[in-house]
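In the two assemblies presented below, subunit A is common to both, partnered first by subunit B and then by subunit C.
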Partner chain A sequence: MTNLWQHIFEPGLFTYPFLIHAWISASAVAIISPLIGFFVNLRGESFVAHAVPRGAFAGAAAAFLVGANSILGLSVFALAMALSMGFMRRHSQNGVITALTLVMALGLGDLFLTIGNTYAPEVFALLFGQLLGVSASETMAITVLSVVLVIVVGIVFRPLLLSSTVPEFAAARGVSLTAMNLTFAVLVALDASLTVPVVGALLAFSLMIGPAAAGGYLAKSPWGAMGYAIAVALGSVWIAIIIGYDTSLPIGFLVASLSLVAYVVARLIHMARKTRRFKRYVSPL
Partner chain B sequence: MTSEAAITFNQVHMAFSGHTILRELQFNIDKGAFVGVIGPNGAGKTTLIRLILGLIRPSSGTVHVFGSPVRRGKRQIGYVPQSFVADPDMPLRARDLVGLGLDGERWGFAFPNHARQQRIQDMLDRVGATRYADEPVGTLSGGERQRLLIAQALLTHPKILLLDEPLSNLDIHSGHEIIQLVAEIAHDSHVTVMFVAHDMNPLLGVMDQVLYLAQGRAVVGSVDEVILPEVLTELYGQPVEVLRINGRILVFASGEMVPLTHSESIAHGHALA
Partner chain C sequence: MHWFQHLIAPGFFQSTEVQVALIIGSAVAITSAVVGVFVILRGQAFLGHALGDVGSTGAAGAALVGIQAIWGFLTGGLVAGTAVDILSRRSREREVTTGVVLSAMLGLSALFIYLITQVSSTTGVTQEILFGSIFAVNRHLVVPMMGLSCVALFLIAFIYRPLLLSTISLETAQSRGVRVRLVSLIFLFAMTMAVEQSALVMGALLSTALLIGPAATAIRHTRRLGYTMLMAAGLALLDTWLGIMLAYNSFYWPPTGRGWPVSFFIVTVMVLSYILSQLIPQPQSKRAQ
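And then the complex of A and B:
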């Protein structure tokens, strides 16, 4: 038994600095991402969660090119992406433009990396995440930014919830819809810049949307949904770190798979409950 | 005179990028009145509501509410938008939505406390939404959603209630229930109601006044004062006929078979039978 235990929690799992960084940054991201994801789902804007991490990827590539801080590069480009997504949604119904912007962001990222002669492992890390390679300073940045984001979500919580569900009513109550749309875009962008170093640009979506959607299936109220979502996200990244360290399977892949599994399970539970409720409805006996 | 008025429009003119939507609006809405705002699609009914809410400013003229100029975000005006989009899996219960009416515009989040829960529960009971108070809003019917929006708007105890086409997604029966509910609350709590509809017939029994909008202009008065061929002919700027059948009123452009304000049953030929 102790043997098995030691086998799961291999030596160094909680002591090696790079693993401590991994635990901290993954947990920070797993707390903030589902909170933002909750609003992404509420507003039905999951394409933003697709698009913005790709913008962030281009930003990190640009940062490599000019030798700037990669988190800074991520944030600037993610922000540009989030704002242009919001703008396009309001001013054109054309999905093709959105899709082209996505492709453009990936293309730009590729271009920057090629010009900069960036090593393949670094490109790989940006696309698929490099949790075990997160540095002390990155861990610090991710933690501080996560705390700031959680505080901001706490502050804008009610007006953002109101304007995401009954926008006309919110406006009549004096909530500025423009300000809320902007706040939402900034939140998504900053969240993406935290998530990309952890699970990568291609898989960031899974941590933003998967747990939040699972939470939506498991709970009826916003608080319940956010609680479940954070639990699912934390569970996914923690288990992913343990398995990843034991087996050296890629952690980004593990995080994505685990949150997908959680999503499917939540959905099945939801369907089972609905069927039960329906049965009670048709046969009151 | 003005002290008796809940809402005052004074020479209000509203144009969007040079295109005039409302002109020379000049009227008072009495305190406690139930007013049906009637007019064809695109007549400017929603624009009129948005002017009262202070969401848009008139191109010229003034709008006053209880004697003071309109300002956005006043809690003494309750607003019921047409409906809301919600998918069935959205984690928002009826009571969460209604609760946002209490203080949804404030920063931070609301710590649940007994007084707050009770206020929300009382309002849910008041509009008859007790049974589905804990259901996700996305699973509710049009009529149920409408009740929640009304509860949401009433939580601040507004003195004016503005409803923008609350009947548009409802069947005749639920529409009737919503009208009765609003009329009852308005009467009990002395609320001034502006109820927007494109067909005046469902409101005939409850409205004190009709505000008839057409061609960018408005006439306000009792149904018997306003819904007359000569008044509406003047308003529409073309010959108009008014038909009263079995307590229903139909307004036609002379010589045309389709009523000017759309009525469900006439469109399907019942009233003509």
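And then the complex of A and C:
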């Protein structure tokens, strides 16, 4: 029996410094991403959630070119993209602005990578994440920023929820929709700059969308949905770290698969519940 | 003639790579622009973008088993597109299900690329799939690419009226007896072909550009759908040709002398033309007064 445990929890899983950093930063990211993801799904803006971290990748390439900190480049690009999407939201039809902003950022990223004339492993690590390579200072920064982000979400929770579900009503209650759009954009951007170094640009949004969607199927209240979503996200990254450490499979793949499984299970449960309710309703006849 | 040499660097039309790039680029541009008009009208920009991404998963898989990338792109796109279509019964769910399927496929792509690096030490595959280069397209692909373009355009022509009707009003289409789900599935196939082709040429990350940009500009400035498609196709062609020309010229530009990426030029020209077109006032609607 002890053998089995040792096989699952390989030695060093909780003691190596780089793994401790991984545990902390992954947990922080797994708590904030579903919080933001809840609003992303509520507003039907998966595309924005996908585009911002992806385009921010170009920022890392730019930073690499001029020799700046890649996280800084990431944040600058993420903020610029999110703000331009937030401002032009009114003129946009059906994700056109999002798509155009994204391709422009990616085109620049392509240019920076080509001009840099190097195969930059550091930049490509940002595509797929480098959870096991997060440094102590990065862990610190990620943790602090996550706490800040959670507090901000707590403050804007009610107006943001209202403006995301019933915009007309929110406007009538004196909530500025433009301000809320921009707040949402900034939240997505901050979340992206925290998540990308950990799980990578390609999958930063899998932590936002999957768990939050699963939570939406399971719970009946916004708080419940967020709770379920955070639980799913935490479970996914924790299991992913353990399996990833045992097998050296890419973390991004594991996180994405686990949150897909959670989504499918949640949807099945939701369907089963609906059928049962329907039967209860029909049976007196 | 001096200025002309600056505009088009010597040897432009003689180079085989340029000829292939011009032919394939034109086919891709026209198909993407025409399909793109419907993509925007139907509000499927995210799906269109996602198809390019999931295609890259297929391409990574193809690289792993050693078949041509284009077939990998197509398979990835068709599988994921069908999955999204099945999962999103109600339109409200579409954004989220697209996101979930996309993230699952991206995860798979991370796995494939990891396996590729385990099997061989080629590191360039990632960059190639994600960014691509029109000058590196194999000459033998001209015929299959043309074929794909024709099939995609034929599909659009085939379902043109029911597609238009169900795009404008789903309820009207249903009450007229249009099989809405079948039409949307056929459109999905056409869209997949257009996107995957462009993903091969422009790179998976940028395949969205030709799909959305020209169509978005054209929709703003035309009133009849036929003209919209014509204008979109024209703009896309112009973008692509300019992009190829500038990229060819850029071999002589600083800092490296190995050329700037074509995709960068195409995207820049496209986004600039979209922004410029926003400044021009829209044509007045006759009914709007």
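In this section, the second predicted complex is superposed on the first by the 269 of 285 C-alpha atoms of A that agree within 3 Å, B and C clash if a C-alpha of one lies under 4 Å from a C-alpha of the other, contacts with A are read in each partner's own complex, and residues count from 1 in each chain.
Please note the rule applied: a residue touches a chain if its C-beta (ideal position, glycine included) is under 8 Å from a C-beta of that chain, and two chains touch if they have at least 3 such contacts.
Everything numeric in this text was worked out from a predicted model, so none of it was measured.
Annotation: superposed three-chain arrangement on subunit A; subunit B versus subunit C shows no clash, the two fitting side by side. Applying the stated contact rule after C-alpha superposition, one finds that A:G44 touches each of subunit B and subunit C.
In the superposition on chain A, no contact is made by A:T275 with either subunit B or subunit C. Once chain A of one complex is fitted onto chain A of the other, the partner contacts of A:L203 are limited to subunit C, with no touch recorded for subunit B. Counted by residues of subunit A touched, the larger count belongs to C, out of subunit B and subunit C. In the superposition on chain A, A:L100 contacts subunit C only, with no contact to subunit B.
In the superposition on chain A, A:L111 contacts subunit C only, with no contact to subunit B. Of the two partner chains, subunit B is the only one touched by A:L161; subunit C is not. By the document's definition of touching, neither partner reaches A:S137: not subunit B, not subunit C.
Legend: residue contacts after superposition of the two complexes on their common chain; A:S257 is shown touching subunit C, with no touch to subunit B. Of all C-alpha pairs spanning subunit B and subunit C in the superposed arrangement, the closest lie 6 Å apart.
Within subunit A, the residues touching subunit B in one complex and subunit C in the other are 41, 44, 213. Those residues of subunit A whose C-beta lies close enough to touch subunit B in the complex are 38, 41-42, 44, 154-159, 161-162, 165-166, 168-175, 213, 215-217, 219-222, 224-225, 270.
The residues of subunit A lying in touch with subunit C in their complex are 41, 44-47, 49-51, 54, 91, 93-96, 98-100, 102-104, 106-111, 113-115, 117, 119, 121, 124, 127-128, 200, 202-203, 205-206, 209-210, 213, 249-250, 252-257, 259-260, 263. Residues 53, 55, 72-73, 75, 77, 79-82, 84-87, 89-93, 96-97, 100-101, 103-110, 134-137, 149, 152-153, 164 of subunit B are the ones that touch subunit A when the two sit in their complex.
For subunit C in complex with subunit A, the residues that touch the partner chain are 40, 42-46, 48-50, 92, 95-96, 98-100, 102-104, 106-111, 113-114, 123-124, 126-127, 130-131, 203, 205-206, 208-209, 211-213, 216, 219, 255-256, 258-261, 263-264, 266-268, 270-271, 274, 278.
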